[in-house]
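What follows is a structure written as structure tokens; I'll ask about it next.
A, B, C and D label the chains in the order they appear, each numbered from 1.
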Amino acid sequence: MDDKQIIAKRIAMELNDGDLVNLGIGIPTLVADYIEPGKTIVFHSENGVVGMGPYIDENTYIVNAGGNKASVLKGGAFIDSLMSFSMIRGGHISVTVLGALEVDIEGNVASWIVPGKRVPGMGGAMDLVEGAKKVIIAMTHTNKGQPKILTRCRLPLTAANQVDMIVTEMAVMSVEKDGLHLKEVHPNYSIEEVLKATEAPLIIDQVIPMKGIEL
Amino acid sequence: MKGRIDKTEFIQLLQDKMTIMVGGFLANGSPERLIDLVVESGIKDLTIICNDGGFPDRGVGKLIETRQVKRLIASHIGTNPTVGVLMQSNELEVELSPQGTLAERIHAGGAGLGGILTKTGLNTIVEEKKRVIIVEDIPYLLETPLKADLALIGGAVADKYGNLAYLQTMRNFNPIIALAADCVVAEAVQEVDEIDPEHVITPHPLVDYILAEEQ
Amino acid sequence: MDDKQIIAKRIAMELNDGDLVNLGIGIPTLVADYIEPGKTIVFHSENGVVGMGPYIDENTYIVNAGGNKASVLKGGAFIDSLMSFSMIRGGHISVTVLGALEVDIEGNVASWIVPGKRVPGMGGAMDLVEGAKKVIIAMTHTNKGQPKILTRCRLPLTAANQVDMIVTEMAVMSVEKDGLHLKEVHPNYSIEEVLKATEAPLIIDQVIPMKGIEL
Amino acid sequence: MKGRIDKTEFIQLLQDKMTIMVGGFLANGSPERLIDLVVESGIKDLTIICNDGGFPDRGVGKLIETRQVKRLIASHIGTNPTVGVLMQSNELEVELSPQGTLAERIHAGGAGLGGILTKTGLNTIVEEKKRVIIVEDIPYLLETPLKADLALIGGAVADKYGNLAYLQTMRNFNPIIALAADCVVAEAVQEVDEIDPEHVITPHPLVDYILAEEQ
């Protein structure tokens, strides 16, 4: 498994049977490939599908939130953007998984703009981070060695104090009132290596090997 | 509905400086024929309200390429590099609105509301120049309604009365913009005799014109 | 024709082909019986029908805003209460016809409460009076001799400054910036009789016999 | 959806002092079996949110008869004389909300908004104790969101997944309250195998339970 797959597989373990889940573009999309057998997860796609399915080779008008061809599963529904975001903002999404440029110890996240460089826009990310019951950030631990887990985000925020959990290829961290707790570390790395790759201080109580990793 | 119109009649509805809402999500559900006619008309200094900037050759992106747009209100512009280029050179003014906020602002415009209060965008740069209203000790951003002179609807199944339903994920913003413009023109992907009253999404009194199928 | 029919018939003449019209309970309901041939009027019922039809002896779940059995015409649609009132409040209803307890020279109307006596509630009346493009009041000229057309409403208002036209069995009046204009008088009454039955001052420019009355 | 439940399981969800939203317009589309079970449960001091007060023997009126309701939020109470009597004797507190405002307040609750600005009710007693917010020189009333512990849905066609559509005018407030309560229970008028994804009105993740058909 490569880094992205490690992250996706670990996050899939956080999803519970019956959850309504919105996956962002990039690594989050891969989470759908690792749902454990026996769990029924319903995927919400903010462009207007409840019960989103994978790409199928059929002529349809169904796309996902990345604009790519997708499908609707049995029992699914097509909805308009007002209903879609009523579900997101009204707290009806159990979990959202999103990528990020930076996250910090207060659960702030920056993911939509690098001023002067890239301004893709926030799309539905601000609504998802603000409205979903649980927010999991899926990202590589650093940007080519540059820490992305910070004491305080430097880039403009997507939302403040909303992140619950961060999963990288190195570790699993939870955001709590007193800061970031290091919960799990991938067996390929030592706690020291994780701390070194992290700008933010990490609180260490009990650290276990990252769940779901087969050596 | 007032009736079916052809290319020439549609172009006669167009004027410089119009505010035009366009349906579609990454061009899925955008009315490509209507957009082509806006290009053909050569009208300029437009304000376009759409979920995103589309692509240079699809969706509202085609109007960006021709420099007909003065101002774009959208949630995402990352798929159309021309938007970024014209923003940098100050040829295009872009207002980014979170997608759920955009949907609610259009709903507010269509439903005669003076605005809505949302947590989305609080503590981010979306908050700039906006009023914060506190309700029961919780702060919210006041987001104001959006209305347009013209709404261009895509992805529609139209019946002979002018009722509309939408095909799959092409629904997205289309049913919402149908209430928020002085004049509503739909491009049908499919024409049927009659839509079951239970399945009509946009009742015909909301629709002014349907673009006749190509001869 | 009795008084109610006179009022209903006169109001029907105000409706234009293609109008979307919401009729209140009581006299307004009768307006539907007097639509002139060749005019297509679409009736909106705030409980959730566009294209409401009359009572039919069939087993359906269709009721009108008075809770009585009704039908849906060809080309009609069932909508939810949010869509129904988005149409009402967003200015999508061409004309609403409502009964009233009192109307005054500023176009204020009172129709929903007699404090200490009757508190039926406003239902959708406040929204309709505020949101419809044209508001026509259909009522008997007096309440058993007591004037209902006043200089200033005494009962709690349904809305301020929204009434465009008042039609009674005696006369037709329009609300303008400078006050109430007497436009038409039923041939059974003299202008003096109308003035006597009206508490409010009426501006008289050119008064014609009430339209649509066959003697 | 968590599943089908029977009478006993439904009654176990009920508690004194609950806030319960109930669908229906003059009892058309009200869940009569669920309401009967609330009567049977004997829970008391309820806050009921419903379009109207129903009739003494139909809709939420049945809960008013049994004195289980402490507070009623509705737009119309004229069809149920008991409501008036209990209001007079201070046994029942009634908050009247214009019907469109009621719909938007429930939408606001369901979509996580902090409130909406409306002209409806301005310059009337509905304005009392409410904030007036001025946007671009136009005054609006700030109306706050409504949420509930439980939503009771009627008039539904349910499929095996728990997706809902609604029969004719029984739709009214039902789809809106489905987003605004912690627990949503639907009473199906009709059960089908599968609702076409294009025709689903309330996607199944919004529904907690469906009352099983009577044995």
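One rule holds in what follows: a contact is a pair of C-beta atoms (placed from the backbone, for glycine too) under 8 Å apart; a residue touches a chain by one contact, two chains touch by 3 or more.
Bear in mind that the values here come from a model prediction, so they are computed numbers and not experimental data.
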| item | value |
| --- | --- |
| Pair joined by the larger number of C-beta contacts - B-C, A-B | A-B |
| Inter-centroid spacing, chain C versus chain B (mean Cα positions, whole Å) | 35 |
| Intercentroid distance (Cα basis), chain D paired with chain B, Å | 32 |
| Whole-Å separation of chain centres (CA-atom averages), chain A against chain C | 55 |
| Chain A-chain B separation of Cα centroids, rounded to whole Å | 29 |
| Two or more partner chains touched - positions in chain C | 72, 78-79, 85, 89, 130-131 |
| Multi-chain contact sites of chain D, meaning residues that touch two or more partners | 104, 107, 111-113, 118-119, 166-168, 197-198 |
| Complete list of chain pairs which touch one another | A-B, A-D, B-C, B-D, C-D |
| In the complex with chain B, residue positions of chain C that touch it | 18, 20, 42, 44, 50-51, 72, 74-79, 85-87, 89-92, 130-131 |
| For the chain B and chain C complex, residues of the former touching the latter | 2, 107, 109-113, 159-161, 163, 179-180, 194-195, 197-198, 200, 203-206 |
| Residue ranges of chain D touching chain B (in the complex, touch as defined) | 104, 108, 111-119, 133, 135-136, 138, 140, 142, 144, 165-168, 197-199 |
| List of chain B residues in touch with chain A within their complex | 25-29, 51-52, 74-79, 84, 87, 94, 96, 98-104, 106-107, 118-126, 155, 166-176, 189, 201 |
| Interface residues, chain A side, partner chain B - complex | 45-49, 60-63, 65-67, 72, 78-82, 84-85, 88-89, 113, 118-127, 130-131, 156-160 |
